[in-house]
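The first chain written gets the first letter, and so on, giving A, B, C and D; residue counts start at 1 in each chain.
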Amino acid sequence: MITPTIRVQEAGFDLGVESARLTAGRQDIGGLASFVGLCRADDGLAALVLEHYPGMTEAAIGRIAAEACARWPLSGCTVIHRIGRIAPGEPIVLVLTASSHRAASLEACAFLIDWLKTGAPFWKREEFADGTSRWVEAKAADDAATARWAGSVL
Amino acid sequence: MITPTIRVQEAGFDLGVESARLTAGRQDIGGLASFVGLCRADDGLAALVLEHYPGMTEAAIGRIAAEACARWPLSGCTVIHRIGRIAPGEPIVLVLTASSHRAASLEACAFLIDWLKTGAPFWKREEFADGTSRWVEAKAADDAATARWAGSVL
Amino acid sequence: MRVLYFAWVRQKIGLGEEVISPPPEVRDIAGLVAWLSTRSPGHAAAFANARTIRAAVNQDFATPDHAVAPGDEIAFFPPVTGG
Amino acid sequence: MRVLYFAWVRQKIGLGEEVISPPPEVRDIAGLVAWLSTRSPGHAAAFANARTIRAAVNQDFATPDHAVAPGDEIAFFPPVTGG
């Protein structure tokens, strides 16, 4: 069983750097899937501000990543989630999964991002150009996406 | 409708460079999904040699990418497939899909790689350390993966 | 017992964290919410609609019937919106 | 009519490409396969098991009943294994 790389950080991240780190020197990886969530400039959005629950965040992501490793034969797994102020166009979250076969890497990647949306203690606040601000509400669609992976012990 | 970037080339590619190119200056992309297929060193494999059908390859990938753009609201799509000699650990194929929402990017990425496996004229030959060589046989599992996306007009 | 508040729960209460000593009859999350609601108008506002509040006990998601004990770290927050 | 061969079909026939003029009774892919099989032992070997052969007409995948005409570009190859 691999040890997933999990980071919660204010700093940005680079998909190329993280994927090179995961595959460096490996000749057993057949598929590398990734998902990057980015901040969209919807409706005059000036920035997203992400708050989290230090300690619980890392533990929750760790459980979700361990569950992914139990369900799929992963040879590598990286999850990076940013906190703090994020400008439109900037990345928010990275999920990177490697496996000997493509289906495992693709499915584990989708599983992880679906679960991160509903199972890790992050909260997004939107700040607008006009100075107003509002908390993003949880979406029923995200719960439905997570429910696709029924039978989880999380 | 966007114009997908399609390249068939001997040269390697860089996931970081291609993803940066796809998202540069954009503030409307919420999700960027990628898949990189890599050459595994199974059973003493020394290299993969990829042959293709020049002209038809680009046309076939173009049709598959256009189908993905018709099914999902993509804001960006890049497909790069290498040909020629590829050593273990090197990348073979890249699929990169961007959309305002994550589900569209993830599903389109899985659709594209499944279809590339069965719908584009590439053939892989395995060369082994002992000097022997054999053509890779098509897998029923790949046809089944493609069949998941039933109703395609391809 | 340490209680943490996040996102708009924190903003409505006006505190990110407080140390409390609820009476012994407060035995679970639901009881704690009822007791906390009486502490200030901000607490009352934050907990007014219990359906929009989630809780964690010792950094694990917890349902309203989850037990609470003096040494616990309890947290209240809106449904999560990460990813 | 230009005919292209790829992968082990090319290797068995010993040619990547040839220009042919089949008789007018060769009207579709199946007929062309039968006619090509008579051209050399290599052709016969390549087309011995028709189920393992795929075809394209003018760079589009084609079934055995697909029509072929003098100006066409026809290709024969094994099931594809890209990705």
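Everything below uses one rule, namely that a contact is a pair of C-beta atoms (placed from the backbone, for glycine too) under 8 Å apart; a residue touches a chain by one contact, two chains touch by 3 or more.
It should be emphasised that the depicted structure is a prediction, and the values quoted were computed from it without experimental measurement.
Path length between subunit B and subunit C in the chain contact graph, taken as the least number of steps between touching chains: 2.
Considering the contact criterion stated above, the chains in touch with subunit A and with subunit D alike are B. With centres set at the average Cα position, the gap from subunit A to subunit C is 26 Å.
One simple way to say how far apart two chains are is to compare their mean CA positions; for subunit A and subunit B this gives 23 Å.
Our note on geometry: subunit C versus subunit D, Cα centroid distance of 73 Å, whole angstroms. In subunit A, the positions touching at least two other chains are 37, 102, 113. Contact with two or more other chains is made by residues 83 of subunit C. Taken together, the subunit B residues at the contact with subunit D in this complex read 37, 50-53, 55-56, 59-60, 81, 92-93, 113, 116-125, 135-138, 142.
Within the complex, the subunit C residues that touch subunit A are 4, 6-8, 56, 59-61, 75, 77-83. Residues 14-17, 19-20, 23, 25-41, 88-89, 100, 102-103, 105-106, 109-110, 113, 145 of subunit B touch subunit A in their complex.
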